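Paired with chain B in one complex and with chain C in the other, chain A is shared by the two complexes that follow.
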Partner chain A sequence: MNSSSITLEICVIALGMVLMLADFFVAPDRKRYLAYAGIVALAGLLLVSFSGDGVCSIFGASFSGSFVEDPMALFFKRLFIGSAILVLFLAAEFSDRFASGLNEYYSLVVFALAGMLFAASANDFVMLFVSIELITITFYVLTSFQKNRLASLEAAVKYLILGALASAFMVFGIALIWGTSGELNFNGLAQVSGQFVNNKLFLAGCLFVLVGLGFKIAAFPFQVWAPDVYQGAPTPTTAFLAIGSKAAGFVLLLRVLFVAIPAVTHHWVHLLMALSAITILYGNLCAMPQRNLKRMLGYSSIAHAGYLLLGVAALNSSGQAAVMYYLAGYLFTVTAAFFVIALVLRHVPDENVSGLAGLNHRSPLLATTMTISMVSLAGIPPLAGFFGKFLLLKAIIEQGPAHHGYYLLAFIALVGVIISISYYFNVIRAIYWTRDPADLSPITVSGPARFSIAICVAGIFWLGLFPESVLNFAMSAASAIK
Partner chain B sequence: MNVGLEQFLTVSFLLFALGLLGVIMRRNLLVIYMSLELMLNAANLALVSFSRFNNKLDGQVVVFFIITVAAAEVAVGLALIVALFRKRPTAHVEDLATLKL
Partner chain C sequence: MNNISILTYIAGIPIFVALLLLLVPSNYRVIFRAVSVLAAFVSMILAVGMFCHFNQAQVDSEGFRFVQDVPWVGSLGISYHVGVDGINVGLILMGAIVAFAATLCSWEIKNREKEFYILLLLMSGGILGAFASLDLFFFYFLHELALVPTFIMIGVWGRGERKNYATFQITLYLSIGALIALLGLIALYLQSGANTFDIPKLIDVIKANPLPVNVQNFIFPFLLFGFGILVSLWPFHSWAPLGYGVAPAPTAMLHSGVLKKFGLYGLIRLAVPLLPQAMHHWMMAIAWLAIGNILYNGWVAMRQRDLNLLIGNSSVAHMGFIFLGIASLNLIGLSGAVLIMVAHGFLAALSFALSGFIYQKTGTLEISELGGLCRKLPFVGTLLLMAAMAGCGLPGFANFVGEVTVFFGVWSVPALHFIVTLALWGGLIIGAVYMTRAIRNVLHGPLPSEFAQISGSTSLWRKIPYALLLASLLLFGCVPSLLTDKINPDAARLTASAQTRKTGPTLVAMAQAAPLKSPLGN
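Our next item is the complex of A and B:
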């Protein structure tokens, strides 16, 4: 079953190549429609992944154990394909702001998606390294895509230097882990990792690998790139970074911590708790004074990485399921926010919060969407963000009797939520209660943009009000990595 | 003197530390990028020497993957640095200050 197990990945890579070659056959003024072709193809793949006898339902390992298909891989693959579809919609709206190479942008998004799909199934360190680099190197190009805008290039160079630094640490960590234990495969490592909990070289290797993964999820102290890159990158790239790249980091983190080195993870529970608490406080406190909307969302994404780390630090399967559920909610919420940013701040050079002034008169649809998105990010019922945070806190408090530090962690998370309400409501205040907004011209929203915004808003309400089906899926996915 | 695994690993650690120091201390983008390559090669040296002394070939195979990926990263990275240089003729990191609060 070797090559049949990667059918989905092969289809996605073929789609990327077709989109790239279409350059020769499609007239320049029609190139934005290529995005819709890509969306249709990806939607087809998403449907195939739901069909019972499809390519994704045969669970098991292949390629001598380096590629594994299980419910968790399936959950993340659907999440990644969904996010790529929404990002392509966003890129089609954004297409007039790219000077050239539009079809390359679409195909690079699809190639990054291929990297994420491989990451979802990675079960040894070589696969982990290659898939994470496929994602990261593609994102360097996606970030720099507005070549005539200095901020975009500067963000890409900053991302490049720090990303290469993180991957150098990760490679060195892999070398140390393999050198001491002689295993690259996660399952093989799981059997021997218990013997190495006191081996300094092995622990240093695990720490270095965590540095690389911490960079991908933008956790403290590897978060310095996030605000600059979020601000400088083109808006569709920022949206894909916020959800796709972060989710890829989390699926690899879950697999490394709970499949490969569970003994070390239990040894390091205090480290994980401290990382989570500091990341939450840092992200939320730094987001407060920001005026640039994308930069503020960059800091808020650091804070959300901290919330997600709560579920990792809980060390139980309800925590892992909560991480997956939270990421699904975050997908819809954050993409909705970036849609509004891309549509409203089209002619404003600096993308500040004040640019949203009077939005409720200019486009009630976009004003409502932004409000729902901010309320969900802040974690107010009955939206997706609230239920995700509720599950994460529940998982933490369940572990409270075993270790009282968890109560403190839950308290810090609540403090973070309260801080975050202030800056999310700043955005809502700018929309509805700004005196004498400078620009009151109505904004026209195209049909495809309306459609994708409707998907995002429906997703936010669906995950907030009817959590059963996704939660059950996340639970079964979490039980797969035990 | 008998050269064993420890000597190889010490060299590899020193190379890694030198690379890290270069990334932190140097101010020229191209030199920083060179230091990053030094760090990657330090890891390659560690993998190859573990492979030699543990009599397992996996490490040498991993090195091929790392060299390939690093080549791709350099291609993209140099292109980005050149694009930035065209926009603003300086290669110093202090001048990368457009993005701030």
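Our next item is the complex of A and C:
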């Protein structure tokens, strides 16, 4: 029972090692095809996770309670595998811009995925810390992978320093929690945390853990790294940061706040509301004047962390389900945007919004994809982003009668949405309305890229038009942590 | 009743064809033009058929016809539920006719035609679907689907120097309005405790246990101002004249004629039955804001130098009459409001189509640069004259019937006598002043020499949309019973539910409202 419960994780780690060892056997000019091997393997795992033959569908705790398999873990694991598949597609397209070590990049993506899978199931603080470190440390490398590009190195150094700081906070927080309560397991903590609601040291510990997780999800005031790292990192890394790393932060946040320390969480409702509101406003306001597309998406990802925090601050299961649904929609939306960035801005050094000028003449497919992605990020029907925001707002307003502050929060969220429309539409305007675009050479899109873009677009529409199945899954996942 | 409703076809065909057009290469002009016109035509014919068979159609227990109800997200209580009653049957007919006329008028678009037709069809289908929808979620969702193409069309195909500013303003205003309304709708859904987005079911649940007055008063401003911004309620109207002044004619026709009615329809469909006490509470406020529309925008219209801005302002002013009708909260006033909504849809579409035609011929809409056009463009000139007459509320046009009905309805509320006087003055005097002034300057007087070459010899084909819209105005003006017979029973139902609950002590504190949420049918 024990080792069989981590079959999925073991397979992923083995895949990472195989990809790394393949270095010895694959000719250098064929290394980019290793990504497709990885994709096929991961797609197989994803299918297995759906097959219900026992790999992922036996729910329960193992490893003396530190590893838990439940619908929420399953939901996030599928999300992570899906995002890794898309990121590998993206990396294969991007591979000509890596000087060397292509297969290392692929295997690091897979290792980060393993960390995320562990994070999805983490049920005590040791497991939480180990999985977070596994993710973060691989991301240091992934960020610096364009070794001859200064911005990439700069981003990696910033991420390293701030990431190390956040990790230090988190370890300190875990130590304080353990020192005061003597518990590291989430379920164990749940039983005793009520007694420590007034214990200053315990609260400080919880707060420090929150700092560490806030760094992962790029919530205010731990967001400073996000724009620089998003801008500097290679595009596939940025995409993986935006969805995989953020989702890992959220699954841990949900588990810590609602499984381990629910009593403290209910005391902190104002803190969570304030964090969410400020993150939304900060991200959106800062995104407005940005010219660099990836930097803009960095700020927009801060804003989206704020929207997701709405669902956390709602303190109800419909809020938690909304968080998961929103992340699923965000996966397809943001990956589609990064695909376009990687393909269009191939020969443009500064990755500015203006580089998209005339895209509808150069490649109608990419222009349409970018438009759909921006419209979905802005939260306009009938796309995934709208339904996700709708669920989040609904969860917030549901709590309104209990606490009127929620109405203010909902209003701030709306203000954020309105601000965001301006900069998302700015991108669309750059695509269609720029007079006399400088470059009108057609862009060829390879077959695999077409395929993965089609997956993203189909996902955006699917989650916007037929939300039933994913929503039910998210709701059952949310009920698992109650 | 789960066979596919005719309403699904009316709204679905344009959307489906829009998606099909994506596959057509953009140099096949004739094909996508013909296909778009055909789609709009089929949709219109179906709408006319639906209107004619309205009385024979089967009525379901909630009073709706042509119903289709398919669950969509069961856990949230969202379903695809469409149906018509007297309130929206006229709007759907009007919307389909205007959509067809707008598609025909799109011949003025010369660049990126494929994208334009796709957006236009999406807009038509979205708004027809929103009017047919009996589910809160789809009601909002389809409206938003129609709204977004508007922004893009104004931004890409708009004209004039202020295009970017106008696009920015209209996007901002309407997005804010739609989002505020969304907050109100979600609050309504949650406060009812019914766990359904289905409008008839919501009405039933709330009839059984009405919302406390303070909850109603809390939700109502969201709906009033959210929908109000969408309808250019004074003082949130400034996007409208400018946006319409810049928009390409088909977009202006469809938005001012059809899409803008969505907010008013929402107030009638939702606020009157669900928040009756709040409606009474806010009655005076709505009436005064409506006067703001009528007097202020009438005044502004008098001073306009651009024909489109004048029409835009007068269209904003007309919204005031509809608000006034809603504020009266009685059978006559509400029926009148619905009548004006239909009539104004035709009128606004006709006016913008004509101004678009004039712009096409002359290249300007500055009133001072125009003149004597009646001699060169007799057909269009005559139609513009008739549109102006209809705008002043002359008998024979559908607007007259609606406005008179509204005035009768509002007069029966003693508190509003003064307001009726003001509105009459504004409607008749101010309207006549700016309309006759525009007619004199545009159609009569000396013809500027640069327009000596233009010719009004348009083919019969081109005249169809104008003739169709004018004919509809005249038809409903001369035989209003076509509409009123359908409207009255349902308006009576709405007002009855609003009146009975005007009295009744249901003041419950906000904190005590929570128990109301759990029991469904106690």
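Heads up, the rule we're going with is that the second predicted complex is superposed on the first by the 481 of 482 C-alpha atoms of A that agree within 3 Å, B and C clash if a C-alpha of one lies under 4 Å from a C-alpha of the other, contacts with A are read in each partner's own complex, and residues count from 1 in each chain.
Quick note on the criterion: a residue touches a chain if its C-beta (ideal position, glycine included) is under 8 Å from a C-beta of that chain, and two chains touch if they have at least 3 such contacts.
The model shown is predicted, which means the values in this text are computed figures rather than measured ones.
After superposition on chain A, the partners chain B and chain C are accommodated together without colliding. Look at A:V48: by the touch rule set out above, it reaches neither chain B nor chain C.
In the superposed model, A:A155 lies in contact with chain B only, and not with chain C.
Rounded in steps of 10, the angle chain B-chain A-chain C defined by Cα centres in the superposition reads 140°. When the shared chain is aligned, chain B comes close enough to touch A:G182, but chain C does not. When the two structures are aligned on the shared chain, A:V26 is found in touch with neither chain B nor chain C. The larger set of touched chain A residues comes from B, when the choice is between chain B and chain C.
Of the two partner chains placed around the shared chain by superposition, chain C is the only one that A:V417 touches, whereas chain B remains out of contact. Of the two partner chains placed by the overlay, neither chain B nor chain C lies in contact with A:L365. Of the two partner chains, neither chain B nor chain C is touched by A:I278. Superposition on chain A places chain B within reach of chain C only down to 24 Å, the least C-alpha distance between them. If you check the complex, the residues on chain B that touch chain A are 9, 16, 19, 23, 29, 32-33, 36, 39-40, 42-44, 46-47, 50, 54, 56, 58-59, 61-62, 65-66, 69, 72-73, 76-77, 80-81, 83-84, 87-88, 96, 98-99, 101. Against chain C, in their complex, chain A makes its touches with residues 375, 380-382, 386, 390, 393-394, 397-398, 400-402, 410-411, 414, 417-418, 421-422, 425, 428-429, 432-433, 467-468, 471-472, 475. Those residues of chain C that touch chain A in the complex are listed here as 72-76, 137, 140-141, 144-145, 148, 151-152, 155-156, 168, 171-172, 175-176, 179-180, 182-183, 186-187, 189-191, 510-511, 513-514. Taken together, the chain A residues at the contact with chain B in this complex read 125-126, 129-130, 133, 137, 140-141, 144, 147-148, 150-151, 153-158, 160-161, 164-165, 167-169, 171-172, 174-176, 178-179, 182, 184, 227-228, 231-232, 289-291, 295.
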